[in-house]
Amino acid sequence: MVNNKLITENLHTILEENLKLAKQINPTEVNALVEEIKSANRIFVMAAGRSGLALKMAAMRFMHLGYTVYVVGEVITPAILQGDVLLVASGSGTTATVLSAAEKAKKQKARVVAITADAQSKLAALADQVILINAATKTDFGVSVSSQYAGSLFEQFTLFVLESIFMTLWQESGLTKEDLWPKHANLE
Amino acid sequence: MVNNKLITENLHTILEENLKLAKQINPTEVNALVEEIKSANRIFVMAAGRSGLALKMAAMRFMHLGYTVYVVGEVITPAILQGDVLLVASGSGTTATVLSAAEKAKKQKARVVAITADAQSKLAALADQVILINAATKTDFGVSVSSQYAGSLFEQFTLFVLESIFMTLWQESGLTKEDLWPKHANLE
Amino acid sequence: MVNNKLITENLHTILEENLKLAKQINPTEVNALVEEIKSANRIFVMAAGRSGLALKMAAMRFMHLGYTVYVVGEVITPAILQGDVLLVASGSGTTATVLSAAEKAKKQKARVVAITADAQSKLAALADQVILINAATKTDFGVSVSSQYAGSLFEQFTLFVLESIFMTLWQESGLTKEDLWPKHANLE
Amino acid sequence: MVNNKLITENLHTILEENLKLAKQINPTEVNALVEEIKSANRIFVMAAGRSGLALKMAAMRFMHLGYTVYVVGEVITPAILQGDVLLVASGSGTTATVLSAAEKAKKQKARVVAITADAQSKLAALADQVILINAATKTDFGVSVSSQYAGSLFEQFTLFVLESIFMTLWQESGLTKEDLWPKHANLE
């Protein structure tokens, strides 16, 4: 059996790494994403792997708040058009399917907002807005930024930034928990 | 290597089994589903396994045609409400998650339409409209109705019925292929 | 209300179009896919939209038959390696995400098998084996090959070819319905 | 435009709420889950909505570490059997599809481990092991435990507990980042 102390330490390490990133984040960049969401006709989200799952968690909340939101690759997702925003996340900024979607969105004159750990990446260059997260990417094999595996810290903090964006949009909306509740999926 | 003749024979067997079902289907039942789709505020689809994949193929087309459609379990699916229709498929009419969703939909006063192979099933009893497909269900281990494996024929024919419903709705709409094209997902 | 006759006619039109394709299919091409599946360590499937749903229907059956199969993009899908086969479907043979995956699979020295409607496409050129389906692709706006919408006939017939491949593999295996049953998902 | 300060405050509030839960968690309960994972033949995960997405993030990592893991509802998920473990999460402990799956898993003599916010729930009673998270559930409309919306804190902390479990399992394994890398999906 594992030492209980080890589990507790790891839990605290993970949270401390996220807290450290919270101190480094640029709120103006986050604010720009808030504005993109508010002014978009519709929000499309896309990312590969665990970043994609973090974006889906956010997408669900944006839907609860009354936004029209689609996950790229889901069955009923329509075409992106001018006036829409594509929100993507890629630690390395090089994920092929994400880059391809971002390029296609730009051709449709949709806005592109990228969350990435590499400000110099092709994805960052292509995006209209960038939120830079100073986390290791999944191909960094050092421990300088995080002692966690691969892109874990990036993926966790991507979720946290989006949770804080939701919380902010919710506060601004003036809506109560009871107001949002009727949007929640009710067939599961 | 398999005999080429065997592959060709199997392909024809499968199509012949579907043709036989096409002669047995009750067009009035299919028509009732057409009407449910046309009069619903929003269409929700749900089924387990391969039946679920067949419904998703149909959901995508209904979206192309301009209907508001959701797949239960996808990230951005909201609550079902009165005025919506839930379209489900279950060969046996006993799939637990499908039955549970159908019951919840009824409580919300949404309409429920079921495609099933068992007219005596709990699902059929619960639904507002039923399309009966005279195919074996996946727990029938005989070969009386189909020489295919498990619920294969039911799943194939569920798809076909929905394809014919889409084709009918499309013809009725007067829309051209070019009209529908801009709805197609454009980020893949 | 729609004319009942129209619904019945459309159902027959759809099945007749598939029957016509069944007469044109090259069983040697289908046989080559059967062999790829039998000799692969693991089977990966990938396609966009409705073609992707048809491949998923087949993937489920291959799993029931005892094959190790993965859907690209699902959560627990590992890396493809030499000895594996990637099965893709694209009517046009130009879907960006499918092409990108096929190229990556080739770099890993995995085999690539493509189902397509365009023998001259980049995807067909790239694949180790091709099954050619003589159906309209979704950007054909004529009615020469099919009176159905967009890629519908291609998607339907892709499913049928895979159903006949499953049926053939099943017959060859000598396994009974009862033998396969314990593989079926039992938590839904 | 939103006040930058508000965004920063919300980010810190969210992290502080998670830190507070980290101090309350019972490491012995977490340790029991670690042992269940290590001793299971195969791991099945299931939850609805955002809890389900958090479990999927964990499932991906367990796969990277070499475990055989399946997400209930994904296409290639086989039947659960004795010797397997079903890991579920439900804040309220009352989600119908989760309860139904847990009951079915028990009938197969598989183990069930539940992460929940309600120690008195039907799910907690049914599970072989419980990890209790002292967060509000999504139908708590007060602010006593969390100022976040609905089950947000529960969902975030479910992810964190699983991240710390992965980190612990990884450390114990002695494997390097380079060892795990070849498992990562390589077709996206």
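To keep things simple, chains are lettered A, B, C and D as they appear, and every chain counts its residues starting from 1.
One rule holds for everything that comes next: a contact is a pair of C-beta atoms (placed from the backbone, for glycine too) under 8 Å apart; a residue touches a chain by one contact, two chains touch by 3 or more.
Everything numeric in this text was worked out from a predicted model, so none of it was measured.
Q: Hey, which pair has more contacts between C-betas, A-D or A-C?
A: A-D
Q: Taking the mean of the CA coordinates per chain, how far is chain A from chain B in Å?
A: So the centroids are 34 Å from each other.
Q: Round to the nearest whole Å and give the separation of the Cα centres of chain A and chain C.
A: Averaging C-alpha atoms per chain gives centres 33 Å apart.
Q: Centroid of chain A to centroid of chain D, CA atoms only: how many Å?
A: Between these chains, centre-to-centre, one finds 20 Å.
Q: When you check chain B against every other chain, which residues touch at least two of them?
A: Within chain B, the residues that touch at least two other chains are 53, 56, 60, 73, 75, 96-97, 100, 104, 184-185, 188.
Q: Does the chain-touch network form a line, ring, star, complete graph or other?
A: Its topology is that of a complete graph.
Q: Give every residue of chain D touching chain A within the complex, in rising order.
A: So the residues of chain D in touch with chain A come to 1-2, 4-8, 10-15, 18-19, 22, 25, 27-28, 30-31, 34-35, 48-50, 53-54, 56-57, 60-61, 64, 95-97, 138-139, 141, 148-150, 152, 155-156, 159-161, 163-168, 170-172, 176-178, 180-181, 184-185, 188.
Q: Which bits of chain B are touching chain A when the two form their complex?
A: My answer: residues 44, 46, 56, 59-60, 63, 69-81, 86, 100-101, 104-105, 108, 182-188.
Q: In their complex, what parts of chain D are in touch with chain B?
A: 53, 73, 75, 96-97, 100, 104
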